[in-house]
Amino acid sequence: MEYFLELSSSGLVRGSIYALIALGYTMVYGIIQLINFAHGEIYMIGAFVALIVSGVLTIYGFSGVSILILAALIAAIYAAAYGYTLEKIAYRPLRNAPRLSPLISAIGMSLFLQNYVLLAQTPDFLRFPALIPDFEFMEPIAHIMGSAELVILVTSAISMVGLTVLIKYTRIGKAMRATQQDMVMARLVGVNVDNVISVTFIIGSVLAAIGGVLVGSYIGQINFYIGFMAGVKAFTAAVLGGIGNVPGAVLGALVLGLTEAYAAGYISSAYEDVFAFGVLVLILILRPSGLLGKAVKQKV
Amino acid sequence: MVDNIKRSLLVALWFVFLTFPLMVVKVNTLKSIVEWRWMNMLWVAIGAFALSLVWRWAMARRQLKSKKAEQGEDESVKAGFATRLMEDPKLYKPALIVIALATIVFPLVVDIYQTNIMVLALIFVVLGLGLNVTVGLAGLLDLGYVAFFAVGAYTYGVLNSFYGLGFWTCLPIGGLMGALFGIALGFPILRLRGDYLAIVTLGFGSIAKIVIENWEEVFNGAKGIAGIPRPGFFGAEMNITSATTYTYYLMILMVVFAIFITNRLKDSRIGRAWMALREDEIACVAMGVDMAKTKLGAYAFGAFWAGLAGVIFAARNTYINPNSFTFMESALVLSIVVMGGMGSIIGVIIAALVLILMPEYLRAFSEYRMLMFGAVMVLMMIFRPEGLIANVRRKYTGRKVTTEDANA
Amino acid sequence: MPETNNTLLEVKNLTMDFGGLRAVDAVSLSVSAGEIVALIGPNGAGKTTFFNCVTGIYKPTKGDVLVHPPEKKSQKINGFKSNRVTTIGMARTFQNIRLFQNMTVLENVMIGRHCRTTTNIVGAILRGKKTKRQERETVERSYELLEKVGLVDDADEFAKNLPYGAQRRLEIARAMATDPFLLLLDEPAAGMNPQETKDLDELIVRIRDTEKIAILLIEHDMKLVMNISDRIYVMEYGKEIAQGAPMDIRNNPKVIEAYLGEETDA
């Protein structure tokens, strides 16, 4: 039972990280039907910026929570800037191209960004400082859920609520929903679609960066390649929940995180990826529109 | 022009900001040292400025081109040099002879090291030609193509180490195993849309690697399989040099074979169905094409070549381990197809040779290789989606011939 | 409509739902050999959806689609994939033109021959006698069809470079290449100028008369519809509101009401 709870808690943590990344995929897909393959790299860059900022701040004598907040903030700003630039360079010129073109462009961008970080920094793993303090009140259940894990769960939950509010109640959120429903119509009624798309990329990137900072300080090390697998997993989660569907992405991410944790705990950690993809394939075959997605028939 | 310069300056500034933490700062958390690399900032600024100018110019040209196309000013009139070369027998026949001669004497004038690299490049030519069918002709994006390559290589490795089967027995088996896996993996994902296909095939690719890594009893795990024999020639004893030369000629034969076969398929009932499927799946099926059969055919055919190439790869290296079959290899083959011009055979060959040989000979380049691949993939999609050499559609001249036939 | 022994297509109570929306509601329709039948109705009435159900693009929620191919067994085909429907002998065109843009005009038509030829991968590689013969016949027949729709001179052009009206005719040629006994045309005159429409009018009648292919067409151009159809069905909001000879339809008060306010279209 204890073991089960432990696995569940680590599954949920994993799931929340996937969710933070998956939201970016799902929002972008919802609006321009593109798998932003490079989204995982934005997450990785977020983690790197946080690592560099916290490294510099530590050396210059800052301490504790102030580092965490500054690092996360700067990481978020940079991720947003990268996301914005990425869209402008690699996807905007291909808005009306055949479907395969922006996807290949995205794969290219993913390769580019990975190797950019590799060359600019290092191919090796870097030690990420433990930015999240240990809370005393967590002591009694620390063997099931540590402080870092709690912070991850809470931060993700807050981010997701924030996103929901943003989409539901703000002006830009409404514009996003309108664009998602029908880009041509949205443009006709005066929505600046280009801006909406940029904002979508920015929001997605910020969420991914938050994920990056959390993972970095939770796992304790990062390298240029972490974005790739995380990205693939997060995308899997988004598809699982029904791509384009925001609550679906969160649900899919949690299901995926738990599946992996249980598979790793009860079967073998070597095969956890196999299980993750196994679940994806099963879902796509049995329910191609995902857990919460609506089945749509293509108009002919 | 002034406006362009102003804007490019702004872009340069933006990129200086963007790359600042990663390019300039480097922290060593263990030793608590920060390294400030201010020179990088200068390079970024200059580079971004120059690239931005080029980008602007290229974008303006691109816009002009699409406007022209809209106004019906046909571009195909002034066909590119490459296209002309391929269409005029007076030009391409001598070129072909020169290439053939160069190909034949190549291993005799260079050393074994060069020959060996060339063999690797030719293996990627075959991989490119195979994936070109799946992606370029049939439009099925496959990001796990390397899995079939691994199937071929491990078919030979395993059959040889367990049962002592030789290269020539394993070659067809490897190809068929590739095709078989192509069908097996293709089957569950037939109905998926292009972008889902991408992620699922990527998943299959990683699964293949994980299984190889962890199934010690059969694949010997991460240690890999060593001592795989080179291709044999009626049991003749060969030293490394002659074995390599022999493998080279084998590969040449295989490339010629692959070109011949893909060419025939392209201009056939099957090839046309593949293209139609790529162009518009719904219309294609509504015109009576069986989607499942056609797609599986494309998967199997593409995977078949990967299987064959895998066997040769194992024989060339005499040693295989899971690290040769990562997503990077899949991405590499995909960039070969994209750069070559989807569906174009000659384009794929040139792209494969360039992408494999360049990093081998320009060591400095090899570090930046993946970075450049990435950039090239993006730029190609934006500025030259048809690839280096666009696929030329065949013209059928059946009408006059057939009226004569009818009279006869 | 009593079933005669040369009925080709017989649709009974066809219904199609999209989530909560009933796009087609218990529509029955039949087409006999040698007929030109029109299906009309305001935009959004469900005509295209009806076509999609009949040709296997969508699986109808309820109802039956029966075909009686000449000299072959009758079959119930609801739920069949569209390639099977086409192979049985019903071919269609699309309202939003769906050509293979980056293939030549001739190749587009050649795709239509796919289901009437048999070369497989191995055959295509070996290119034996039979393959060569089939290939020659395919080219020959495709040129013939291009001749009929007046596109021979554009045979080597990419489909995307054709003007609009020519693209519509190419779709017809492509569908005819599948040797259908019934041709379903979805708004073939949409976007055509009066001269092109007139030519189309003649083309459709010619197809019926010389090729012996029956025709079911959706069309907004009333002049064309009234000119060439033997019978007309009218749909509105998914329901069939009238059917009969052109004269009767023209004077049917329900139809007039349905089209009120769409005067320009009608």
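Order of writing sets the labels: A, B and C. Residues in every chain begin at 1.
Just so we're on the same page, contacts are C-beta pairs under 8 Å (C-beta built on N, C-alpha and C of every residue); 3 or more make two chains touch, one makes a residue touch a chain.
What you see is a predicted model, and the numbers here were worked out from it, not measured in a lab.
In this view the innermost chain, defined by its CA centroid being closest to the centroid of all protein CA atoms, is B. Looking at A-B and A-C, the interface holding more C-beta pairs in contact is that of A-B.
Chain centres computed from CA atoms place C at the largest separation from chain B. Inter-chain spacing, taken between the CA centroids of chain B and chain C, is 41 Å. Work out the mean CA point of chain A and of chain B, and you get 30 Å between them. Per-chain Cα centroids separate chain A from chain C by 47 Å.
Across the assembly, chain C contributes 57, 94, 98 as residues in contact with two or more other chains. Within chain A, contacts with two or more other chains are made by residues 300. For chain B, the set of residues touching two or more other chains reads 282. Those residues of chain C that touch chain A in the shared complex are 18-19, 48, 52, 57-58, 94, 96, 98. Those residues of chain A whose C-beta lies close enough to touch chain B in the complex are 33-35, 45, 48-49, 51-53, 55-56, 58-59, 74, 78, 81-82, 85, 89-90, 93-94, 97-105, 107-117, 119-121, 126-127, 129, 228, 232, 235-236, 239, 268, 270-271, 273-274, 276-277, 280-281, 284-285, 288, 298, 300. Across the complex, chain C is touched by residues 294, 297, 300 of chain A.
Of all residues in chain B, those touching chain C in their complex are 74, 261, 264-265, 268-273, 275-276, 279-280, 282-291, 297, 301, 393, 395-396, 398-399, 401-402, 405. Every residue of chain B that touches chain A in the complex is listed here, in rising order: 14, 17-19, 21-23, 25-30, 32-34, 40, 59, 62, 135, 139, 141, 143, 188-189, 191-192, 194-196, 198-200, 202-204, 206-207, 210-211, 213-214, 282, 327, 331, 334-335, 338, 367-368, 370-371, 373-378, 381-382, 385.
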